[in-house]
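Can you read through this structure? Questions will come right after.
Chain nomenclature is as follows: A, B, C and D, assigned in order of appearance, with residue numbering initiated at 1 for each chain independently.
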Amino acid sequence: MLPIARVRRLAAIAVASATALALTACGAKTGEESANAAATVDTSGDTIKVGLLNSLSGTMAISEVTVRDALMLAIEEINADGGVLGKQIEPISEDGASDWPTFAEKSEKLIQQDQVAAVFGCWTSASRKAVLPVFEQNGSLLFYPVQYEGLEQSPNIFYTGATTNQQIVPALDYLVEEGVESLYLVGSDYVFPRTANRIIRAYAEEHGIEIVGEDYAPLGSTEFSTIANKVEQAGADAVFNTLNGDSNVSFFSEYAATGLTAETMPVLSVSIAEEEVKSIGAENLEGQLTSWNYYQTTEGEANEEFVAAFQERYGADRPTSDPMEAAYTSVYLWAAMVEEAGSFEVEDVRAAADGITFEAPEGTVTVDGETQHIHKTARIGRIGADGLITEVWSSEEPIRPDPYLRDYDWAEGLS
Amino acid sequence: MTVILSQSFTGISIGAVLLLIALGLSLTFGQMGVINMAHGEFIMAGAYTVYVVQKSIDSAGTSLLISLPLAFLVAGAMGVLLEWLLIRRLYARPLDTLLVTWGVSLMLQQLARDIFGAPNVNAQAPSWLSGRITLVDGEHSLTLAHSRLFILGLAIAAVVALTLTLRRTSLGRRIRAVVQHRDLAEASGIATGRVDRITFFIGSGLAGLAGVALTLVGPIGPTMGTNIIIDAFLVIVVGGIGQLRGAVIAAFALGVLQAVMEYSTTVSVARVTVLVAIVAFLQWRPQGIYTLRTRSLA
Amino acid sequence: MTEEALHGLTISELRVSFDGFTAVDGVDLRVGPGDLRFLIGPNGAGKTTLVDAVTGLARATGSVRFGGRELLGRPVHRIARLGIGRTFQTATVFENLTVVQNLDIAAGAGRRPLTLLRQRRSVPPEVDEALTTVGLAPHAHRLAGTLSHGQKQWLEIGMLLVQNVELLLLDEPVAGMSHEERDATGALLRTVASERTVVVIEHDMEFMRAFASSVTVLHAGRVLSEGSPAEVRADPRVQEVYLGHAPERPTAAAHVGEEP
Amino acid sequence: MTDHQTETGTGNGTGDETTTGNGSGARGARWRLAGGYAAAAVLLFAVAPAVLSDFRLEQLARYLCFAMVAVGISLAWGRGGMLTLGQGLFFGLGGYAMAMHLKLADAGPGQLPDFMLLYGSTDQLPWWWEPFRSPVVAIAAVFLVPMAVAAVIGFLVFRRRVRGAYFAILSQALAAAFAILLIGQQATTGGTNGLTNFQGFFGFALNDPINRRTVYFVIAGTLLALMLLTRQLFLSRYGELLVAVRDSEERVRFLGYDPALVKLVAYVVSAGMAGLAGALFVPAVGIISPALIGIVPSIQFLIGAAIGGRASLVGAALGAIAVAWAQTTLSEEFPAAWTYFQAGLFIVVVAFLPGGLISLRQLLTRRRPTPLGAST
């Protein structure tokens, strides 16, 4: 290396580092009061922009496209009804591509470039955790429509799916009522099942239920002979199943192959909705239990209209499911909050949120301003031979959301 | 006691699946040295064949039986096409073959998505495969599912057929001649290009058979190939290049190890243990269980 | 090359077997310092395997000593560092590097890591010298892959020279060369042997007669005969192995060894 | 950016040069090289920040991280012939090392990171987290840990002469194993969610756009520094030796070198670069998760380098940036068409233009082909 070149190189590096340092000196330190300002919402035109952030490609697309469809349906209905504060809603759809950094990147784009009033979407906890700092740092709003593992409460997120005390705890209550004294826990290896099972263990300790086994399969795994063997050997009263997606197909066929049935050892699942029943095959699932807040068969005028409208828009063979319903509801709730606030600004919307109600397909839901979750009715269903899920039990009234399970003594050590 | 028995059977049935998905590779990778990452997509093609056949034929049993030869042909034809279009130009560059065929696998996955949709689909198992044999009855029964026995039988049949083809037929002799000494084979009048193509046809066709078998244990989807291709290659790596018996032993050994580890720990710990065990094994025997010695350099 | 005492190669009771087949079966061989020894024998006689064993490529039993040091059991690169270099039947040079780069790498096995991490500023003197010796100076900056077959062989020999090996083991260095190239190679080997010990595996009898100082004939993994080219040629056992009982023709075919 | 002339290590082929660095051709190349790097620096440090919005600049920062991995790949694969299909492992190690420190710094002295409070079953910080409280340890760990792991793997596999496809498959399997391990340890690693939600970066608030811009500058500066470092390796005697090992490992062994060591160095350095890239990815994008580590991302890292030009530093880096950029812009418009296009381009380049798109330039300008150019 010629000396000249070396000098040049050192100089270049020095300049670069100096520039970096100079710029750094201007930035805010952690802990300082900094630019955590509310996001700029573009209210200039005749329309108001909202973001739809779902995976339209990749492994999660199967599920998330149905949510996007439900969101679009709600937006179209509201627009046909005159819009929000006199403005038509203009949806801007972005593809999260089943990739968490992409979710973060796209949410930033929606907030900063498009200056949307709110974003609707995300499915997996991982994608929500990835976008959460973006929404908090930019002071924008996300409406998250999927049941999840709780233990979260961001001021910049409204959670319209169930938290644990609206889905898992009622399911456990139901099992106790049915006389279950021992449980086997089977789940996919990701955050929701692992956290749900921690909660189940705490609940079990309090209620004298013995947890005889706990197993996780990698997401997408289809090899369940060993787990089925272990379940069969353990001889629990029931199985609590938090497996995701296609793993259920293999699990239930192995479960049946070991000779277990819904009579001998029922399985209660929290991720199997109408669509999954179809693909797993009703014959393998007959008599098994599920826990949700909404089924396509849920009674009520609002649901009849929702199912009819959805099937008219997207095809008569399309089932409706809990996350789709929660997504549909989330748009209506946001619109109601905006109307109440008389403003699209995030802070105004948040301030107006408490007590907003909506006649949703699942029944009346109410926003809890403190937790930014909604009051929901828990429903246990039994899968029939025809593949339909019929309700066998429901909570008497919508359950108040309690993401940190603060009202449950047994959950004290959890968070 | 029944636990040990039932877990051994689980291990053997995992091994049978591994053997089926690796068997085609033992020809294309083991004998020809071609690292075909699209092998997994040939398996997928076999699986979708079952799905398509079932759409046109009502009986799940008949369609499964029809699918076996059909999937072999479909996947085999895809293999021949791939060999003819790309691989034959790359015999001297094995690592580039790996990358090129990986690109092909991306394309085939997208093609499957465009044709069949992104969601996974399922094929109905015929009724005669959904039952099980109960060997030990009592509090803890030992049951063998028909579908698993079917896969085991298919794997054994495929190994036997392949061995006989390689050992007893003139085609097999030509294949071995080309593998062992390409120039000499060519000089003695064997059309090596054609033999390559036929070898690839059989290897890929076996992937199609594996695809048919996999429909009995899991869903059919565009990405099913990627999930298993590494396992398949590991079987060959452990078994040793160019040796059918190496692949057989490796498949069942890995299957049983996986089953035992899964039972005593968790699925993910089992996976990691198996992978680490393979690395450790290669420290001991870098060329796999069986080695073909050559005197040539490099 | 400094005036150090040259070493000789002493092989005793050498045995190599692969999977039950014994390729080298108890060979005793002494190559004196500064010798230009030719190793001949029909195919399968174990010539290349013997060289493999000496250079650590094939596992063997017995003893191979060079300059008082036992070679067996050492890894290939350690044996190379003791001053033993070899070529292969097919010329193996680094085709994507230039002639100078090839030689520089060969010269550099003892370099310290820091030297390795620096750029080469100039052509080291030993490389320059080797370029002249093997006659590749005009092609110094050509890619080795573009050289002719003969030039590649010379480059390989040049690489052994800059490696400063004391013992060169050459596996059929003139196979496929033209007449002129053979003669040039022979002359080169003579020059090299004046300062080092050279062992050449060869099929070409004519070439052997023209340039060998001494010859060892291997047959079926054993030493069949040893001596000067003339002695060996006169040995009836050699004639039997090579030509059946037929009397020797005045000019042997180029690749005698390939006849059964 | 005209590095290919001097990559040859010798002059421009006129035949009258006996040394490098003092021929007029080489000197010209050297000036062009300096000019190229100056232009790149101006582009990265002045033009890009001036014309791109904060959002686009952060995207660019992400691409530059991928380019760092590609630079390491061009060393290990392009020059060393080791098909590193498992770089995600090292990217992840660096990323997690950095993320762990940032989480601990956010939590404050003696406190647990937020996710552990939620998912953890103990109140105790795991022992292997403790050292990462120190920023010095963390900064050292982002490249030393990947390098150490690579050294162990490399020592084991190269010593036993595991190479070619065996090496590729093994490294892929190891990356997969690491991802599975991380997912299984949710209480201490965040599981599938990975680690997210970082407030600060060595004391500077990440929600401040100025600081995020600084992160970009750090990344751009690091990339240029790594490219210069790699260049030096390419041009050095070691670089020539590495190519020699790639082309004929046995031959090098007979020259008295231990090829395992030669390969090990390149592999370890490329692992360090991947680790550094992972570490800088964390403040730039705000997340590190197992999804960035397994088999698919590991191969993705390779695509850019292969398309751009595996044996060319500039080719690999530009290729990685271009592919990542195209991925975000084209894949959302035409997801299916993009997959076909990307895969098709990859196939054509690898099969018929192994030198990558950058070698097109040489074909077009009829320059002497690069001696160290790609071949497998």
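Brief remarks on what is shown
Operating definition for what follows: a contact is a pair of C-beta atoms (placed from the backbone, for glycine too) under 8 Å apart; a residue touches a chain by one contact, two chains touch by 3 or more.
Predicted model, so just to flag it, every value in this text is computed and none were measured.
Chain pair with the larger contact count among C-D and A-D is A-D, by C-beta pairs in contact. Averaging Cα atoms per chain gives one point for each, and the point farthest from that of chain A is the centre of C.
Between the CA-based centres of chain A and chain C the separation comes to 73 Å, rounded to the whole angstrom.
In whole angstrom, the spacing between the mean C-alpha positions of chain C and chain D is 43.
Centre-to-centre spacing of chain A and chain D amounts to 35 Å, using the average Cα coordinate of each chain.
Chain B and chain C have CA centres that are 46 Å apart. Residue positions 88, 92, 119 of chain C each touch two or more of the other chains.
Looking at chain A, residues 1, 57, 189, 216, 218 sit in touch with two or more other chains. Of all residues in chain B, those that touch two or more other chains are 266, 268, 271, 297.
Contacts from chain D toward chain A in the complex involve residues 21, 30, 34, 37-38, 41, 45, 53-55, 58-59, 62, 105-106, 117-119, 121, 180, 183-184, 186, 191-194, 196-200, 203-211, 213-214, 217-218, 220-221, 224-225, 228, 232, 285-287, 289, 291-292, 328, 331-332, 335. For chain B in complex with chain D, the touching residues are 29, 35, 86, 89-90, 93-96, 98-100, 102-104, 106-107, 109-110, 113-114, 226, 230, 233-234, 237, 266, 268-269, 271-272, 275-276, 278-279, 282-283, 286, 297-298. Partner chain C is touched in their complex by these residues of chain D: 8-11, 13, 15, 17-21, 232-233, 235-238, 240-241, 243-244, 247-248, 250-259, 371-373, 375. Residue ranges of chain A in contact with chain D, taken from their complex: 1-2, 5, 8-9, 12-13, 16-17, 19-20, 23-24, 26-32, 34-36, 56-57, 94-95, 97, 99-102, 104-105, 108-109, 112-113, 124-126, 129-130, 132-134, 136-137, 151-152, 189-191, 194-195, 198, 216, 218-219, 415.
Chain A contributes residues 57, 59, 61-62, 189, 215-218, 220-223, 225-227, 229-230, 232-233, 235, 246, 249-250, 253-254, 256-259, 279-281 to its touches with chain B in the complex.
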